[in-house]
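In the two complexes below, chain A is the common chain; its partner is chain B in one and chain C in the other.
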Partner chain A sequence: MAKLELKNIKKSFGDAHILKGIDLDINDGEFVVFVGPSGCGKSTLLRLIAGLEAPTDGKILIDDSDVTEKEPIDRQIAMVFQSYALYPHLNVYDNMGFALKLAKTSSEEIDKKVKEAAKILNIEHLLQRKPKDLSGGQRQRVAIGRAIVRNPKIFLFDEPLSNLDAALRNKMRYEFARIGEQLATTIIYVTHDQVEAMTLADKIVVLNGGLISQAGKPMELYNNPQNRFVAEFIGNPKMNFLDAVIENKAQIKLFEGQILPVSSNGKSGAKIEIGIRPENIIIDDKSLIRAHVKFVEKHGGVVFAYVESANSKDTINIQLSHDTNIEIGQEIGIRFDAKNCYIFDESGNRI
Partner chain B sequence: MRIKPQNIALNAFIFILAIIVAFPLFWMLSVSFMAAGEASTFPPPLLPKQTQTSAYHELFSSSGLWKYLFNSIFLAICATILSLTFNVTAGYAFAKLKFKGREAMFQTLLAAMVVPAQVGMMPLFLLLKTFGLVNTYAGALVPWIASVFGIFMVRQFAQSIPDEMLEAARMDGANEWQIFTKLIVPNLMPVMVTLGLFTFLGSWNDFMWPLIIMTDSNSYTLPVALAVLSREHVQDSEMMMAGAVITVLPVLILFIALQRFYMRGLLASSVKG
Partner chain C sequence: MRNNNIGLWFVAPAFIAIVVFFFGPALAALIISFTDFDIYALADLKNLRFVGFKNYIELLQTPLFWKALSNTLFFVFVGGPLSMAASLGAAILLNSQAAKFKNLARTIFFAPVVTTLVATALVFKYLLHTKYGFLNFALSKFGIDPIDWLGDPKWAMPAIVLFVVWKSFGYNMVIFIAALQNVSSDLSDAAKIDGANAWQRFLNVTLPAIGPSILLVSIMTMTGFFQLFAEPYVMTQGGPAEQTVTVLYMMYEQGFKWWNLGNASAVAFVLFLFMLLMTIIQTKFASKQGVS
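Our next item is the complex of A and B:
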């Protein structure tokens, strides 16, 4: 277990500035998920922490000691790669024992540690097999096993589930949560999938364009996004965004002229966007906002209706209970739950 | 399943080609077991009247063939070891290690590939003469130390090794030498077999360079010795054929034994990269 501090980390490759100043504290034993779209710098940040790349500027501290210049092995960090990166010519046992063998650990000790890790991961029966004879999920476990046997201070996972099919991904997500609890060590996990982030993390770090957009507990990000990017990124299905104008301190005017009692501290007349999650839109036939149902998605337990209003620029997604009777083409009235509206200014900041 | 007529024709054609290719080898073997002068009768016999090994006895007892055989084997083995050592390390470095001028250096090497080997022989000979390496094993081995073709072949194959595997090894605490010996070499095995075989065959069959650099008859390799012998014993077909069998057979066996790996290495380096 260890705590990790990143101080003003910057990384450029030539003219491309990938990371533009990252400050982050990760506590002992925390499960932290870096999430963000492709190219946001999350994998680069992970590689800097691992020691596979050197930062252009900034410091990395593990347990208060500066490791910025240290080799990967001296940081006591283990990493699980997206492609698993198993050694194809070695069997599972030797793959897992490779690091220990290099560290000149006695063969009894290696045997003990490999078997312990294999037990945690339920791969005891696979120890003599070569990587090519394993399924994707099994390879993933071996890659995790290779990290576990080293007993590192910090585990790094680089999009570990992205190569698996949907069903296996769900299963492995649950496995990760279990392994995370069992290891009780600091884990940093990179993904572009916000569902993985929400379900696994103690703390989510949302990255965008080389900067931290927001960091916090999953529900904190969900309930209290600080900017439009985080509001849109966290939550499935996505938050709806509608154009509006600030009427006064206590009211905003929607695209069709309806007044909504939402308070804000922006200037009157300022153009804004309001964000509202699908579950906070209510069907109300008395409402003045009329919309046509364009598409209905029945998920079983819930139903999502995609509706269009005369002046809304995008389709609005509404979450409904499974017994709602709604048909494509139907005209309905919708009402926004004013308590759960988020207001963003033109530069995307929450106001 | 019906067999198509064009398939029958194709197979027949290949069968005939195979016979055309195999026939001289077969007759070489056959003549080597004939009695002295038997092959020169008319019409030439296909098989020996009575199988005998006198040509081999004479070859080994009077012509000192053991010596040439040793020279050939020794040089081919050394050439193979040298070529594998230098080509594999260089090819891996060009494929996977990042250093300044890597691409430029590799392009220059590739450009050198268009220069025929024969053009370099004279300057190389003069250079080795100043080093005092004429008529030595070392001098005979110089052209085999590294080749652009070998480096290129290994590089193409090594490029297919994922970077993440090397990074995983670095995370596991392996230094560059350990990565090379414990991970890269085992994974380069197919291309190493191919390259080793190429070099062994190349050195074994090489005629021109040993002829130039080896001035003393004691240092001759089999092909050179055989050429010299054929001038002396121009009438003695049986003995010449026995010499040819001894020259061809070891490499033929080696080739057939390693054919499986050889094809894998050759195909891999042709499709990737």
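Our next item is the complex of A and C:
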């Protein structure tokens, strides 16, 4: 277990500025998920923490000691790669014991640790197999096992579930939560999948364009996004956005002219966007906001209707209960409570 | 069945070409090796007699054959590993991120492969010249007395090894570069995290990953080096003191100098058996190392 501090981390490859100043504190034993679209710098940040790349500027501290210039082995971290990166010529046992062997650990000690880790991961029966004879999920476990045996201060996971199919991904997500609890150590987990972030994290760090967009507890980010990017990225299905203009301090005007009693502290006449989550939109035929149903998705327990309105650039997604009767082509009225609206100014900041 | 027949038609042209131009001559040579095919048989086939294993027995009793075999084995076991080490070394250097002017260096290293052997051999003859050669000139700067590279029995074969390594390493270098570029950087990163230093990463990640290429290159190099002929033919004519007579050189002399085609064919088949044996040993060794 260890705490990690990142101080003004910057990383450039030539003219490409990948990270533009990251400040972050990760507490002892925290499960932190870095999430963001591809190219946001989350994997680069992980590689910097691992010591596989050196930052252009800034400092990395593990348990208050500066490790910025240190080799990976001296940082006492372990990393699980997206591709698993198992040594193909070694069997599972030797893959898991490789680091210990390099560290000149006695073979009894290696045996004990490898078997212990194999037990946690339910892979005791696979120890003599080569990686090529394992399924994706099994390889994943071996990769985690290789990290566990080293008893590291910090675990790093780089998109560990991306190479698995959907069913296995759900199962392994649950496994990760279990392993995370069992290991009770600091874990940093990188993913582009906000569902993984929401379900696994103690703390989510949303990265966008080389900067931290927002960091906080999953539900904090969901309920109180500080900007449009986080609002859109966190939550599945995505938040809907409607164009609007601030009428006065207590009201906004939608594109079609409807006035909503939403208070804001922006200037009158300023263009804004309001965000509403799909579950907060209600069908109300008396409502003045009119929309046409373009598509209906029946998921069984829940129904999603995609509707078009003059107020939004994209279709609006509405979450409905499974017994709702709704047909494609139908004209409906929609409304939402002012308390469920998020308001963003033109540059995407919450106001 | 119908589909299989159609398939055969597609394979037939290549198959026929292989049989006519490869298996045919090889089989003919095998038959000739059991005859006393010579210049008289060329004039009139009635002079051709089957002599059984006589050619082979005589060959094994010829001192020059053993001399040629030991010269060839020296060339294979010293030159082969040297050539592969040079190829792999150059490939690793050119594959490293720090390398500058990669394309230029690759071109320079590959150039000898595509140059004419006879021309470059002649150039090397001058480079290795006792009085005017650049090599001796360079050595003299370090206070080393001139060496008669191609005239001294001790140095003639090493000089040819030097030339062949220079001429051939670029080809295998390209194969190794291709193999190295396919080594997953994740594996190397994983090994770094596991605490492996550069040498341990080379042993545990790079080497196993390029194992199949090493096997391929070692078999190709070995079979190629067993067939050393043109270089001594151009540079030393087998001399001095038969130090650069190779098995293939001996076959050439038997066949096309003395027109003992029966003898020459026997030499060719003994050489073939050696190469087959070596290939089997290499493949077995590689499969023990886990290379498939």
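Operating definition for what follows: the second predicted complex is superposed on the first by the 348 of 351 C-alpha atoms of A that agree within 3 Å, B and C clash if a C-alpha of one lies under 4 Å from a C-alpha of the other, contacts with A are read in each partner's own complex, and residues count from 1 in each chain.
Basically, contacts are C-beta pairs under 8 Å (C-beta built on N, C-alpha and C of every residue); 3 or more make two chains touch, one makes a residue touch a chain.
All values reported here derive from a predicted model rather than from experimental measurement.
When both complexes are superposed on chain A, chain B and chain C end up clashing with one another.
By the touch criterion defined above, A:Leu121 lies against neither chain B nor chain C after alignment on the C-alpha atoms of chain A. Look at A:Ser83: by the touch rule set out above, it reaches both chain B and chain C. Contacts of A:Ile73 after superposition: both chain B and chain C are touched. Contact with both chain B and chain C is seen for A:Ala103 once the two complexes are overlaid on the shared chain.
In the superposition on chain A, no contact is made by A:Ile289 with either chain B or chain C. Once the two complexes are laid over each other on the shared chain, residue contacts for A:Ile343 go to neither chain B nor chain C.
On chain A, the surface patch touched by chain B in one complex and by chain C in the other comprises residues 50, 52, 71-73, 77-79, 81-83, 85, 87-89, 98-99, 102-103, 146, 150.
Taken together, the chain C residues at the contact with chain A in this complex read 184, 186-187, 189-196, 200, 204-205, 208-209, 211, 290. Of all residues in chain A, those touching chain B in their complex are 50, 52, 71-73, 77-79, 81-83, 85-89, 98-99, 102-103, 146, 150. The residues of chain A lying in touch with chain C in their complex are 47, 50-52, 71-73, 77-79, 81-83, 85, 87-89, 98-99, 102-103, 146, 150.
By the touch criterion given at the top, residues 162, 164-165, 167-174, 178, 182-183, 186-187 of chain B touch chain A in their complex.
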